[in-house]
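First chain A sits with chain B, and in the next complex the same chain sits with chain C.
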Partner chain A sequence: MTWISKSTTFFGLVLLAHACYSAQEHSALQSFRTTSVVSPSSPGTTAVSLPIDISLETLVATAIICFGLALGTPPLRPIQWRVWAGKIEREGEEGFMNADGEVSRDYVGNPFKMLETRPGFVDIRRQRKEFAEWVRSSDERGEVQG
Partner chain B sequence: MPTEKDYQISPVVQESIAHNSRTLFNYQSLTASLFGVCAGILGLESYAGFLFYIIATLSTCFLFYALRVAPTSIPAGKAPLDTSRYFRGAFEFWTSGLSGGLAGFILTWTLFYGLVRA
Partner chain C sequence: MAPSLLHPPSHLSPAAALQLSQQAPFVLQSSPATVSSAPLTALFSASETPDLWLKYENLLLSCLRTGDEHAAHQCLDRLVARFGENNERVQALKGLVREADATNNADLEKILRDYDNILAENGTNIPVTKRRIALLRSMGRVPEAITMLVRFLGFSPTDPEAWSELADLYLSQGMYSQAIFALEEVLVMAPNAWNMHARLGEVQYMAASATGASDAESLKYLAEALKRFARSVELCDDYLRGYYGLKLVTTKLINYPPKPAVVKATDVDDFTVPTTPTVEKLNELATEKLSEIVRRYTAKERHWRGYDEAEIAAARELLAKDASQTEK
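Up next is the complex of A and B:
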C-alpha cells in the first residue's frame, strides 16, 4: 500500500508547486502592469486577489497531500493491554509491520513468553523418560554397528 | 476519569501510547507546514490565516480518524468518533495538532507569502 501513498503525495506536491509558480507569476505580472501602465484613473490596483483557479488548485493540492500522508502513516496499536496482547496472539508479526513491510523495531513478540518458558512448567519426568529412551536407542544402534 | 484501580484492572501499554502519539504528531507537523505553504500561496493575512489553520488542522484530525482509527475501532464496538482504542484522551487527539504545528505553520506561511509576493 505504500506506493499508493507515495504516488498520491507526489502528485499533490507537483500540483502545489505548479500552483505556487502560477501565483508567483500572477503577482509579478500584476506588479509589472501597475508600474508600466500610467493611468491616473486607476491608481490602486496592487491588491488584486488571486484568480479562482489558482486558489482551487492550491486547496485541492493540499487536500491530496494530506490524504497521501495520512495513507502513509504506520498503523496504530491498541493501548489496552488485553486488546494489544490479543492482536499479537492472533496476527503475530504481521500486525506490527511498518509502511515498508518490515517488522518494526520495538516489536516485543509474544507477551506471554515469560509464562510459557517458566522453568516450573517444565515436565521433568517426561523429559527424563525421553532422554532414557534416546540413550537406550543409541545403545542399541551402537550394538548393531559394533 | 479512570482511577488507578481501573488501570490495574485493565492495564495500558505505554509503548503503544508512545507509538500512536508519535505517529499523530509526525503527521500533524507535516500537514501544519503544508498548510503554511497553502496559506502563503493564497495570500491570507492575519486572522484569516489562523482561521484557515484551525479549520484545516481539525479537518486533518477527521481525515486521520477516518483512515487510521475508524476502520478498526468501529468493528471493535466503539462508538463513532471515539478514539479510546488508540488514544487515552479524546481532547488530546482532537486538539494536540493545534499547538504542536503552529510554529511550522507560521514559518512556512511567512516564507511562502514573501516568496510569492516578492
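Up next is the complex of A and C:
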C-alpha cells in the first residue's frame, strides 16, 4: 500500500510546485505590465489578484498531499485494553511488524510476563542444567536422525 | 529471527537462548567497551545509550545459561568498568556469575556469606537480597527463602515480582491459602495483568482439587477460580489460557456431586456460585472459543499464529476428552 500513498503525495507535491511557479510567473507578468504600460492614473490601486485557477490548484494540491500522507500512516494500534491484549496473545510478534518485516522496537509481548518469569530471582544453576540437558537430548535426536 | 536483547531472556526457550549467546562475539565487538564522559572524546565516539548496558546485562544472562563463560565475564567487566564495584545491580550480577561458576556446595555457602556481608553494610540492597533468596531456593532451603522473602516484603511491600515469587514458593510447599493471598497482593499492584488473573485462577483450582479440602472450602475455591478466569478473558480477547481454565472449572462445577445449594453470601467479599444455567452457558462459551482458537491456529490463519504450540495441544486434548464424554 505504501507506493499508492507515496505516488499520491508526490503527485500533490508536483501540483503544488506547479501552482507556486504559476503564481510567481503571473505576478512577474503583472508587474511587467504595470511598469511597461505607463498609466499615470493609479499605480497603487491595481490590486494584484491571482487568477482563480491558480488558487484552486493550490487548494487541490494541498488536499491531495494531506490525503497521500494520511494513506501512508501505519495501521492504528488498538486502544481498548482487551483488544490490545488479545492481539498480543493471538498474533505474537507477527502483529507488531512494520512493512519491512521488523518487529517494532517497543514491542515487549505481554508486559506482565515478567511477573511469572521473575528475572530478579532467576535460578541460574537450574537454567544451566536444563540447557545442558537440552543440548544432550537434541544431540541424541540429531544422531538418531543422522 | 533472534529475540531482542533488550528484554530479560529468562523465559526464552533453550534454542532462542543459544541463538542469543551465539551473537555474543559480534555484539561485544560492535559495541563500545567503555564510554568516555570527557567532552572532547564524547564528540568523536558513539554516544552512550541506556540500551547498551541493558544489552550487556541480558547478554550476560544468556551467555551464563549456555555456558559461554568467556563472553559472560567480558560483559560483566564492561558493566563493572562503567558502574563501579559498589553498584547494587552490578553486585547482584557479579554474584550471579559466581553462582554459575560454583561447582560444589562449599562454593555456594561462601557466596551466601558474601551476600550476607554486603547486606550487613546495606540492609536494603534490593538486587542482592533477591539473589540471596533465589540462591537459597536453588539450594533447596525453601523455608529459609520464604522467611527472608517475607522480611524483604516487609521493607519493600510494593514489589509485585517479589509477591509473585512468594506465591510460587508457598505453592511449592502446598500452602495454598498463603499462595492465593500473595497472588492477590500481586493483583492489587497489577490489576490489569491478565496472566496473573489466570494464574490465581489456576492456583485456586489446584486448591479446590487438593486432597483434604472440605466440600464447602473447595466449592468456595471453585467459585473464586471461576471469577478469576472470567476476569482474565474479559481483560484479553481470545486468551487461550483463560478459556482453558474457565472450561475446566465450569465442567467441575457442573459435575460437582453435592449440588451447590444457593449459599447466601455472608461476607461482602464472598462470591457465590452462579446458577447452573449460567455455569453451563459459560462452559459452552469456553468450548466454543477453545475450538475456534484450535481450529484457526491449526489452519495457520493469518493473525492466529502467536499461540504456544504446547498450549494448543493441551486445549485439543481437553476438547477431545470432552467430546468423548458427551458421546457416552
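Please note the rule applied: the second predicted complex is superposed on the first by the 94 of 146 C-alpha atoms of A that agree within 3 Å, B and C clash if a C-alpha of one lies under 4 Å from a C-alpha of the other, contacts with A are read in each partner's own complex, and residues count from 1 in each chain.
Operating definition for what follows: a residue touches a chain if its C-beta (ideal position, glycine included) is under 8 Å from a C-beta of that chain, and two chains touch if they have at least 3 such contacts.
Remember, it's a predicted structure, so these values are computed and weren't measured experimentally.
Touch test for A:C20: chain B only (first), chain C only (second), both, or neither?
Only chain B; A:C20 stays clear of chain C.
Applying the touch criterion given at the start, work out whether A:T2 contacts chain B, chain C, both or neither, answering first, second, both or neither.
In the superposed model, A:T2 contacts neither chain B nor chain C.
Go through the superposed model and pick first if A:E93 touches only chain B, second if only chain C, both, or neither.
second
Is A:V135 touching the first partner chain B, the second partner chain C, both, or neither of them?
Touch status of A:V135: second partner only.
Using the superposition on chain A described above, determine whether A:T73 touches chain B (first), chain C (second), both, or neither.
First partner only, chain B.
State whether A:W81 touches chain B only (first), chain C only (second), both chains, or neither.
Both partners.
Can you pull the chain A residues that chain B and chain C both touch?
81-83, 108
Sort out for me which residues of chain B touch chain A in the complex.
Contact set of chain B toward chain A: 10-13, 15-17, 19-20, 23, 26-27, 30-31, 34-35, 37-38, 41-43, 56, 60, 63-64, 67-69, 72, 76, 85-88, 112, 115-118.
So in the complex, which bits of chain A are touching chain B?
16, 19-20, 23-24, 27-28, 49-50, 54-55, 58-59, 61-62, 65-67, 69-71, 73-84, 106, 108
Where on chain C does chain A make contact in their complex?
Interface residues on the chain C side: 1, 4, 7-8, 10-11, 14-15, 17-18, 61, 64-67, 96, 99-100, 102, 127, 130, 133-134, 137-138, 160-162, 164-165, 168, 186, 190, 192-196, 199, 234-240, 303-307.
Name, in rising order, each residue of chain A that touches chain C in their complex.
So the residues of chain A touching chain C come out as 81-83, 85-95, 103, 108-110, 112-128, 130-132, 134-135.
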